[in-house]
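Input: one structure, supplied below.
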């Protein structure tokens, strides 16, 4: 009965991963988004529920659970209900191949599927159907228009996304996510074959941002034009499921970027003196900010916190490397650090760039990213072939 | 059991249990949330304006053109995956095969570009 | 035991939505029912150890062709198709033809003594598929790109006519 | 009971016939294309099954399945472009109403 134990294990892992997605990506993700957005706009963000507003999204979830489900009279009820579930499940399935770290000989991943990154892009492509179905089933002009816009945008950026993934698969020579991380032991892929690694990373991140419909590529949801686009008619928990799927996917993209370009769970392999220099520089800046009184400025406080955290990391790393420990910190710490750094980057982009127009958006995908991605593949392939 | 089967058994269980987990909050809402059917409430939302006609009308054909180009290039990408994994072992020959493959497709992209199929206007 | 159970479940996941695809009066529901069918076929590929084909099946069929079909439905009939008769007058004839053909093929299949070579499950991987494409089937590989080019150009010309 | 080649062939036959039924009875051109996709899927199951049971060492069947997936995508792209063209000049996508040879 080997398969029965496997199914039981799989069910348990599903529960764990779903809880992780609901708590870490959806709830904490929304909290982070609101808090960081607040900081960038020099306001406080959520503050009242729990310490620093940490429990705000939990309160929101409880509120959403008590909201009435409104189904528009003219909607196709079955598809209307199935669409958010499909989007959420597609977001969940992305995470099957994401490795969180490595403890001893065990890699912390649900399954290291042989065709890992291909699997990832296949699952990411399923979201489009859920969005299109939801937009259509609402029988609302804005929703359908938003659904069509979202679908045409997502399919346009699926190709550059795949090209970014392929670049990594080519350099690593494998499609397995664990294999890709292991292949970066010497050098992270963002630095390999310079400058083409950076180019591939930029292609991937741009396409990933568009794929999850985030600013500056948020036309489908443009709240000022389309009243939230394809989920205009969704209320309460169904709306929350769409959000869950979207945040799960956004975090999965950040996680995949960390795995493919930033070495995943691997520790940065820097000499002790560099850690020390970085740490001292960090301490210096923090002290300068506090002494000069600039730290009392609201907008500088989050920067101060981030700076203090990274300074602490540098100092810990310095002492760890001095003591000859390797790795100094458990690997999941690094994975999450990199993933959250990329999530922070996504939120930062949101408040830096204005929304693109539809024609600009499509031009960027088909006329810039696609040729650039293909050329990047060919040139890197050529270099690798020559180097042999 | 072979690794492939176990891998995808997990995927199947994830899809199945994930669906149940996602449907669960909808069930909780059914238990907790109030229900009051008012004709105004289930009206299609169009920013307060009384909706006219069906939403299920026609849209611009350009959406189709982009979907079309996407399908062709998505198919092209599936050939790149096996190539990316093995071209190192097969050497220069495999590389130039892919160059030919891609240049034929780039002709298609150039054609679409030239004919304005990539414009949104 | 487990294999048979998985096979039966996957066959149902494939065939039941397929029946919905061809019988539903609502064209959008038909198109959306294609998704479970394609995923069921993906599962059958997995049972046959063809992992790479399975991944491509999801990526192309479920992720691209279904989207294309949905686009065309929404750009032409839209949901208005829900209230229009979807079948022609050939239903009895078509059903007879399908059942008869199915019966014949099944008869042939069950009466043929197939030479099953495999006992142990083979281990396929993406590298062997890639090698096959780049060595034995290189002509097919290159011609495929021509087919893609021709269909891209043809479809653009047809879809853009009279603009 | 062991799952063998005949099981897969039987399932693929059924899928093929369901697709055939759809092609024969539908008025909507898009629905006819869906039927064709089902039939192509059935043939793909056959190819992969034969690969696994008759020639397990080679990958020819899988390669051909990939080629058929490619052709299915091309067929869908061109077929649906025809549907769009017909719709724009004749305002219908029902094949029993498209009965002029020239327009």
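Which chain is which? They are A, B, C and D, in the order written, and residues in each are numbered from 1.
The criterion applied here is as follows: a contact is a pair of C-beta atoms (placed from the backbone, for glycine too) under 8 Å apart; a residue touches a chain by one contact, two chains touch by 3 or more.
This is a predicted model, so every value here is computed, not measured.
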item	value
Longest centre-to-centre distance from subunit A, chain (CA-based)	D
Chain pair with the higher count of C-beta pairs in contact (A-B, A-C)	A-B
Whole-Å gap separating subunit A and subunit C, where each centre is the average of the chain's CA atoms	32
Centroid distance [mean C-alpha coordinates] between subunit B and subunit A, Å	18
Rounded Å distance between subunit C and subunit D, as computed from the means of their C-alpha atoms	6
Interchain centroid distance [CA atoms averaged], subunit A/subunit D, Å	37
Subunit D: positions in contact with at least two other chains	66, 69-70, 73-74, 76-77, 80-81, 84, 88
Shared-contact residues (touching 2 or more other chains) in subunit C	2, 47, 49, 51-52, 56, 59-60, 63-65, 67-68, 71-72, 74-76, 79, 121, 126, 129, 133, 144, 148, 151-152, 155-156, 159
Residues of subunit B whose C-beta touches two or more other chains	1, 4, 8-9, 54-57, 59, 61, 63-64, 67-72, 74-75, 78-79, 81, 85, 87, 102
Contact pairs between chains, per stated definition	A-B, A-C, B-C, B-D, C-D
Touching residues (chain side subunit A, partner subunit C) in the complex	3, 76, 78-79, 113-115, 118-119, 121-123, 125-126, 128-129, 132-133, 136, 139, 144, 148, 151-152, 155, 158, 175
Residues of subunit C defined as touching subunit A within the complex	2, 26, 28-29, 32, 35, 51-52, 55-56, 58-59, 62-64, 66-67, 70-71, 74, 79, 125-126
Subunit C to subunit D touching residues, read off their complex	3-4, 7, 11, 14-15, 18-19, 21-22, 27, 30-31, 34, 37-38, 41, 44-45, 47-50, 52-53, 56-57, 60-61, 64-65, 68-69, 72-73, 75-77, 81, 84-88, 90-91, 93-95, 97-99, 101-102, 105-106, 109-110, 114-118, 121-122, 124, 128-129, 132-133, 136-137, 140, 144, 147-148, 151-152, 154-156, 158-159, 161-162
Touching residues on subunit C, where the partner in the complex is subunit B	2, 6, 43, 46-47, 49, 51-52, 54, 56, 59-60, 63-65, 67-68, 71-72, 74-76, 78-80, 121, 123, 126-127, 129-131, 133-135, 138, 141-142, 144-146, 148-149, 151-153, 155-156, 159-160
Of all residues in subunit A, those that touch subunit B in their complex	2-3, 6-7, 10-11, 13-15, 17-18, 65-74, 81, 84-85, 88-89, 92-93, 96, 110-115, 118-119, 136, 138-145, 148, 151-152, 155-156, 158-159, 162-163, 166, 169-170, 173-175, 227, 232-233, 236-238, 240-241, 244, 358-359, 362-363, 366-367, 370-371, 374, 377-378, 381-382, 384-385, 388
